[in-house]
Amino acid sequence: MSRRTVVGVIGPGANATAQDLANAHRMGRLIAAEGWVTLTGGWNAGVMDAASRGAHEAGGLTLGLLPTRDTEGASPAVDLAIPTGLGEARNNLVVLASDALVCCGMSPGTASEAALALRAGRPLILVAPSPETVSFYGSLGHPAPVGVPDADAAIAELRRIIQSR
Amino acid sequence: MSRRTVVGVIGPGANATAQDLANAHRMGRLIAAEGWVTLTGGWNAGVMDAASRGAHEAGGLTLGLLPTRDTEGASPAVDLAIPTGLGEARNNLVVLASDALVCCGMSPGTASEAALALRAGRPLILVAPSPETVSFYGSLGHPAPVGVPDADAAIAELRRIIQSR
Amino acid sequence: MSRRTVVGVIGPGANATAQDLANAHRMGRLIAAEGWVTLTGGWNAGVMDAASRGAHEAGGLTLGLLPTRDTEGASPAVDLAIPTGLGEARNNLVVLASDALVCCGMSPGTASEAALALRAGRPLILVAPSPETVSFYGSLGHPAPVGVPDADAAIAELRRIIQSR
Amino acid sequence: MSRRTVVGVIGPGANATAQDLANAHRMGRLIAAEGWVTLTGGWNAGVMDAASRGAHEAGGLTLGLLPTRDTEGASPAVDLAIPTGLGEARNNLVVLASDALVCCGMSPGTASEAALALRAGRPLILVAPSPETVSFYGSLGHPAPVGVPDADAAIAELRRIIQSR
């Protein structure tokens, strides 16, 4: 059995903050250092590109699940670009394909992925979440996602999750 | 051209409150009275079933987009049950197939649909939303969804939206 | 229980022959006369449009599952246009949403739907199929689809299928 | 840019013949020897498993797009198992994610993938196809898929296709 562990990194595309990008980039580096695969929504933008570049620079394998039917617009740091042709329905695939997910920043698309992660029972870690994000996901009556201050704390949490599987 | 206007009603299945169910049932009645089609996630549970029954009792047409590959478990008040076989990826279809969406209550699945509605630019009305819901969707940097106190206020808002299209 | 019976009509879009169009149009009329819903891939082209127009002219309800994320390009004879946003992955939804399928003519997209119908165990009727089509689907080691000479023979076969469910 | 070339291998699961399995296994080996990624439908059965094992034994990377929402039942030779949760709608993803496809044997699911490949304009090579398969896909009025006698001829054809992109 050679199955690779896959960690999804989700977050805003166009409207990512500098902090979101820094967190995602370091997240990619740390995921790669563990020998895990970094999965994103694949675009050459925002958190998706930053996480893919971080992982790629650290020698990790990167996977992108694109909403489009070809690979145009994919991050150049994505090794395996999968054009799903599903539009935003691909967000559920990002969730299902991840052994655990890390969220750096928030946007409508990201919010849908975080909610689908709770729905599917996939572990979800929020890096430096806003108070609104913590309150909202905590109010949904499911086990609340874990909030951590930074990427290093997230990787410690991921190690715990992956080892206990 | 005989295209029918479609209004999606979204909300919790198993964990809907009595208030969610009452709002959804009245929402279905009022949508039917306008001559519009009521669309839900199709299950025989919670807000989906209540909205379908309300619409059906008022003589309206009801459409259900099920996550499963057959119609088992569909609400008996759904006239057209569409088994999508897509699992929760069908949530994006509920959004795209709706000219506007009304949200009665909250859950992880509902949260994903509300977020996808913002992402797709579909008008979204929140009926009696919690403070956490209002704060969170308002923080996403998109035009915030409209909050209304009850189904009658929602239908007034819907009339405005549909007429201006 | 008010569940409507749904019959899918599949066939070529741009490259439909005059015979395909005539068969699809009559098919729509006959499906509507039975009180069943006519389901197609929704486009304003070829067999999809012809079947929708036939059904619509006979007072039947028509449903279209579009590959796109909005309803632009839908046949004006489609009452309920569902933009799935799934591209050609929507072909599997056309199959699953149909209680039985009727195939008028052949194309790559149609071939995928006919194959998916066999895969899903949905009854499939081929109207005036080519010898290549009969040989190929008959060679797949599943119960072969039924071939009939025209729409009237197809409706007789459909009546038998629907009544035995 | 580190984008990997992906070759899809499609064919029957449960009902694959000994010849289909031998072709798929050698196909996997040859794809891996080129440095390409081998993509399949992911199951631990038939052509999917044989191609994954062949590629894995030759040190290649293997990717599986499963119809289910978890990785249970995946071939142990699949490195990256992507549970799509889409049922047979995932067949269109197998097509879109492949730079070119090789078909070893035939079944309803395989027939849908071959048809969707023609529809999407993805290069399709048929290894040792039956006369019915050649006649049918040749009759669809698109550029017909290329038929070859064995895996070695297929890899020569693939080299030509990939180099000309």
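Labels A, B, C and D are assigned to the chains in the order they are written; within every chain, residues are numbered from 1.
Everything below uses one rule, namely that a residue touches a chain if its C-beta (ideal position, glycine included) is under 8 Å from a C-beta of that chain, and two chains touch if they have at least 3 such contacts.
Just so you know, these numbers come straight off a predicted model, no measurement behind them.
Counted as hops between touching chains, the shortest connection from chain B to chain D is 1.
Rounded to a multiple of 5, the Cα-based rotation taking chain A onto chain B is 180 degrees. Rounded to whole angstrom units, the spacing between the C-alpha centres of chain A and chain D is 28.
Centroid to centroid, with C-alpha atoms defining each point, chain A and chain C lie 40 Å apart.
Counting partners per residue, chain B has 69, 85-89, 92-93, 96, 120 as the residues that reach two or more other chains.
Against chain B, the residues of chain D that register as touching in their complex are 69, 85-89.
On the chain D side of its complex with chain C, the touching residues are 15, 86-93, 96, 106-109, 111-113, 115-116, 118-120, 130, 132-133, 135-142.
For chain D in complex with chain A, the residues that touch the partner chain are 1-4, 6, 37, 56, 63, 65, 69-71, 74, 76-86, 92-93, 96-97, 120.
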